[in-house]
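By letter and in written order, the chains are A, B, C and D; residue numbering begins at 1 in each of them.
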Amino acid sequence: MANEKELLFEARKLTKHFGPTVALDEVDFKVYRGEITGLIGENGSGKSTITSIAAGMQPATGGEMFFEGKPHRPSTMIEGARLGIGMIVQEQGTVSGITIAENIFAGEEERFRVGPFISRGKMNAEAKRVLEDIGFTGADPSAYIDTLDMQSRKLVEIAKTVYNKPEMLVVDETTTALSQHGREIIYNIMRKMKENNKAVVFISHDLQELIDICDTLTVLRDGKLITTLDKERMDEATIKKYMVGREMKGDYYRADYGTKISDETVLKVDRVTSGSGMLMNFSMEVHKGEILGIGGLSHCGMHELGKVLFGEEKLLTGSVTHVASGDKIENTQSAMKHGFGYVSKNRDTESLVLTASIQDNIISASYDRIAPNFVMTGSSVRKFVDEQVESLSIKCAGVQQDVQFLSGGNKQKVVFGKWIGRDCDILILDCPTRGVDIGVKAAMYQLIDQMRKDNKTIIMISEELPELIGMSDRLIILKDGAAAGEFKRSETLDENSIIEVMI
Amino acid sequence: MKKKLLSVLLASAMALSMAACGGAPAGGDSNNGGNTQQDSNGGSADANVQDDGGDASGGDVALDGSYPAETVKIGLVGYDNTSEQQMAIQEYLDYLSEKFNIEVMYSENLADAEGELNFISDCAAAGCKAVIGYYNEALSEAAKTAADYGMYYWGGFGGNKDEVEAAKTTCGEYYLGGYTLGEADYEGGRSLALALAEQGCEKVVFCSGGASFGVTQFVERKEGFLAGVEEAKANGVNMEVVKEVEGWPGTDSFTADQTAVMGMEVDAIASSFDVAMWFQPVMEAGKAESVKLAAIGEVSDTYHDFFNSGLVSVIVYDNEEVVFGNAIPLILNAVSGNKLVDADGNGFQYEVQRWTITTPEEFNAVYDLHDSGNWVVTAEDIAELLVDLNPDANADTFKTFYGSFGIESVMQ
Amino acid sequence: MSEAKKKVTAAVGGFGRYAPVIGLVLVIVVFSALTGGGLLSVVNLQNMANQVIVTALVAIGAVFVYGVGNFDMSLGGAVLLSAVLGAMAAVRSGSIFLALAVCLAVSALLALIKGLFSAYIEVPFFIFTIVLGSVISSVVLVIMGSETTVYLKDAVKPVPSFDFTQMTIINVICLLGYFAVCLFLFNYTPVGSKVRMMGGNRISAKQSGINDKKMQVLTFLISSVGIALAAFILIIRTRTIGSQTAGSTGTDVMIALVLGGMPISGGPKSKISAGLVGALIVTVLNSGLTMIGLSTGVIQIVRGIVFIIVVLVASFSYRGRLLPR
Amino acid sequence: MKKILKNTGMTIAIPAIVYVFFLVVCSLRGVKGFGVGDDFATIIYTTLYTGLIALAMSYNLTCGRFDFSVGSTIVLAAIVGGNITKENHLSAFAMLLVIVAIAAVLGLISGLAYVLLKIPPMVVSIGITMVYEACGLLFNRAKGVKMIGNSALIFSRPPYSVLIVAAALAVLIFLYNFTKFGYQWKMLRSGQKIAVDIGVNEKLNAVLCYVIAGVLLGLAACMYLSKFGTVAPEIGLSSSSYFMSAFLPLFIGGAIEKYSDKNVGVLMGAFAQAIITSGFAKLGLGSSLQTVLNGVIVMAFLVYTSNSYKIGLHRMYKEKRSRALAAAK
């Protein structure tokens, strides 16, 4: 009996391709005034893609959009905001070195023009009002934003978006990083928007949160719109059913179950607290030849754990010990000496040098292997690189081609080639299949399974539960920097029990 | 792989060319076209009376740039293209290049010996026949490099006797010789101090310019000045240097020292380079009458009005025509095969006078001469010294001619 | 980047790699025409060979330093300090081998200081070197004190002097020797690849196990050998070292590197040939311009414009949306 | 009220400390009359002159744009402007306008060159410096400008020098704090990507910075010309000596910015620099020793500013460690 609300935003057959990967596959999506529309789906399901196209952050590859009945194709975020679509994103959107008021009214200074002056007093007063509007009274708008912690800086960003009085507000997974107080503020904003007959699109992982707030909930999977549930049919079980839905294809992940893990520990993590992130007094042990899965929400501290294991992150307490040699891992060099390898989550900025050639990237971790006596002959380099390019079947115009011109999947293969070439015993993979199309994903999984069979120890950190369930022998779930649960590999293991612990 | 091959190829090509031509120039002077024996068309020019500024009564060869037949390219090693003295020399040589078939190449601002030697080798490449060592850092090494390239070198190395001897041995026929004012720069500083002593100045400030930066020219002028002060003290004038101002205008320390001087009781400010940057502060401090300015400088429009107003009282002036202009006759003679040599057959050192101008009349005498477009040493005078144009020209006539020029001779 | 844009950048990038050598040939052709063949005359070839030495030696070494992304403006100062102390050693001992040893020691010490500041104390390296350059030239004045200029001729024992041919041979040995060593290090050992990776993205280089602190110190040391050789040649060639020696070397080397096709922020496009080719271009340019007999002002205008054009061509390969900083 | 007191206190802290330090050292060494009378006049002149150059550089350097052509702009503007003034016998005010206009145009040209060619600023400014220096040499056939005794040269003496710098400062404070340009500049300084995403026109802002720098350099040229009456052309990139003394004021300005305004901070830095130079001169240190000491001071400040973020980081780590240890008990 959805009462006939006024249609604010409609997307018809919206498609988006990132090179070969299909992020959005002809999605039809409607948003009504006076409603909070929820959007849920795993990472890479396309939920952030839809809203970022609507807000003008990136162009669509196909399909059309209508806003307030008119065709809608914003080219920049400002154009989107001016048309009435406000967006709050996960990443840090405020500029340091300037005051809070200046951040709120960035780009809008003309509003406070008094003759030749732009009156700072008026701007501060207005900023104070805007902050109070969303219930954030703790800060003086003329202070530098650097004086605020991450939480409050995000609230300033929210205040800025709300101030522009958007017709449709998109909240993209912002609540996960906020404390309870911050979340309350966002919930009030959304309710107020609804009362003023405006629309809200709320994206979150937290099922309970969605159920409490949203009027309707749309589920997305692998770029396709699966279904839209209205208030009554919204309960955790059905949501999860639609979210997962994918039948466990036998050959996609590992097929074997019940393989025995050797109880010889390879790596001991003892009461570790990392410099950045949430990791606090975390301990665990890693056994030889197992795939240890590590899951959790994106800010649970798992990514910092990856860096800690590889000696990249400063340790405030505790230690990481390589059991066989008894040495502590202090920095990247010592980690690599003990046969560690690390594939970072942000591939383009941390694992690869985009402007360098494929050859330079692949050999960059194995100089000691290629040139034991310091001389690096062209042939030894070529042999080393060709071996990796063939075994991983990297599609490229030649080993001298710049990595920046490769597709996402092939870039990931180059990173894998770098560490496989080094023949590491312990591999730390942080979201190894992120932003990679299905075909390459399958190849990655075969490769990881093959490495396990070659008696290598793999620690796989991932935000995609199906991947973790399908691949790992043991799965540890992290929540707010501490271990929240451990699962053994079994056919019956499903996402619900994991999500229970995770959220 | 192609890229690396290319760079190795390139490097070896360059090496080959260097090795190939490495041996060629040392010995013979094959590439400076030998000395075309320019036989002057008979009739020795009548030795004209030593009147300066006389009209073209010299040899019957028209001085319109046609002599010598083949253009003589000359390289001039200069320290600072913006310095008054170098610009004055440039003007004089421009005048001479209209009269004689010569072409002068000027170096960029040179800071070190390496720059000097590089410029000399550039001159060789450009086909110069001779190098005028107006600025000289590498002493006789510069002459040797010129000789290696088969070019004549003119330069007195600032009057340094053993350097001249060294140049004679290393360059042989290529060393033309050079002027000496005794120790050129040293004497300059000394005569500056003595002139000020004569005018009864006791408390004196000395701007040492590049002395503190180790530029030889300025170090010698400073030593000369201090010696002059001692000498003045010896014969009764209790003259003393109350402050030494280092460096160049524009730096903060120079500005600070300059203000300090303005606050002191000072009779005179002497500078080993030009003194123009003191006019403004002295006038502002209203000390135009009480403070005298003196410099090793130029007779040029910068000083003209201030000399006449009495603000500037002493200019130690190396007349560019006499002190440096004498290179041209030496070069032209050498190039035309009749190089002027002294008794033992080598290039020689000759005395030239430095003019110390202390009165506006003396200043105006030279200034008006230049202003009206003629010169102390005219092209006709130089023609007199060229063996081609005046067969009985020889080293002695050259020495007496240039040696005779003092401020008095100009006054007649 | 859209597909079309990628192809264009790749193509121009390819062309960019050969631009310097084409530039060199172009400069040679243009100036030999203007000087009526004078440029390639025997005398001038050998004259250029002598002039290219100092700039080339320092520029080849500097490829390593600029490659890792360190923008070093104190190269002139380093040559000056090594030359002065080397000359002093020569004067006191009369042996040129001691002079060479002192040059190497002094420039190595300077390299360690620079390494300490850039790797361990993490200062904005570019401004640090500008200040270091001016401090070195003042330190030299304080060291030389009243001596002001060091002449080899007042050495204790007569320092062996070299005639023209010997000098040219020494130049060739030093230049080609050092170039060969650097070519080997840059292209046939991990050092070159590490330099390229560090210049491209220091975080991912660090994550591949490249020790960025040690590498920075290593690049300074390699460059210090080039600086020491340049200082040594200055000593034995001019036999006079004053406080203004190598005054213009710093800027000449940077211009040479830029003309040689070296990206200013270093990275994967760095090439060892940039040092040699760049130095040749600068020398041919200077020699040609002087030979045509242009006035100093015009020469510098031409040099400025050529500099901007070459940089523009070289910079086609990276065209970001944000203004480069 | 208390906040204002603290801010002004911090703003004048550095110059005051330096002044007292030299006062003490001078009296210990028995040197009388430091910072009094003529010395003070020099300190004022150097503060204003170096301050103008440091201000001109601050607008570009803090945005990561190192401008090599500062010195050559001053020289060229002074030579061209000076000769125009001399030939047409212009008044002091007219000279000021001419020189500042020329310098502004020169700033515009180097700004446009940077923005249109999209080459790293450091590199393009070297090319620009070469061209500007050569123009200075060719103009008036390498004679530069000689205007000694000319009535227009009044800008090095207090009433006028302080006036033009005060006016410049007022305009800058207005521009920096109260105009769209100022807000956008501050945003571009540390958040280039975010600012451009929001729609800030970075190209216009950059060119404006170069024009403002040009105007300030024009004023500096007038002051230099008034002080010495003559400007000789520079050649071979030697005009870089002009900005050597601007580094210290820039860094001090950066440190003081939080307490008052960047522009005031930079002037305070210049004031401190002038006191240091005058102090050294008073103590009779040689000019080369002065450069060494100056260099060391700048390096010390360099190390401080580039590592000061670590203090905050360290405090955060310590606090988190204590939290972890408490939780572990």
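Convention: contacts are C-beta pairs under 8 Å (C-beta built on N, C-alpha and C of every residue); 3 or more make two chains touch, one makes a residue touch a chain.
Values in this document were obtained by computation on a predicted structure and should not be read as measured data.
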Chain whose Cα centroid lies at the greatest distance from that of subunit A:
B
Per the C-alpha means, the centres of subunit B and subunit D lie apart by a whole-Å value of 40
Measuring centre to centre with CA averages, how many angstrom lie between subunit A and subunit B?
76
Per the centroid of Cα atoms for each chain, what is the distance between subunit A and subunit C, given in Å?
45
Approximate Å spacing (C-alpha centroids) for the pair subunit C, subunit D
30
Touching two or more other chains - residues of subunit C:
141, 248, 295-296, 299
Can you pull out the residues of subunit B that are in contact with at least two other chains?
81, 108-109, 212-213
Where subunit A touches two or more other chains simultaneously, the residues are 378
According to the definition already given, which pairs of chains are in contact?
A-C, A-D, B-C, B-D, C-D
Under the definition above, what is the set of subunit B residues touching subunit C in their complex?
3-4, 6-8, 10-12, 14-15, 17-19, 21-26, 31, 81, 103, 105-106, 108-109, 111-119, 121-122, 124-127, 137-139, 141, 148-149, 166, 211-216, 219
Which residues, counting only subunit D, touch subunit C once they are in their complex?
63-66, 113-115, 117-124, 126-131, 133-135, 137-138, 142, 192-193, 196, 202-203, 206, 235-237, 240, 244, 247, 286, 288-292, 295-296, 298-299, 302-303, 306-307
Within the complex, which stretch of subunit A touches subunit D?
76-78, 93-98, 102, 106-107, 109-110, 116-120, 144, 271, 273, 275, 280-281, 314, 316-317
Would you mind writing out the residues of subunit D in touch with subunit A in their complex?
174, 177-180, 183-184, 186-187, 189-191, 194-195, 197-200, 258, 317, 320-321, 323-325, 327-328
Inside the complex, what are the residues of subunit D that reach subunit B?
37-39, 41-42, 45-46, 50, 137, 142-144, 146, 148-149, 153, 157, 224, 226-230, 232-233, 235-236, 238, 241-242, 245, 273-274, 277-278, 280-281, 286-288, 290
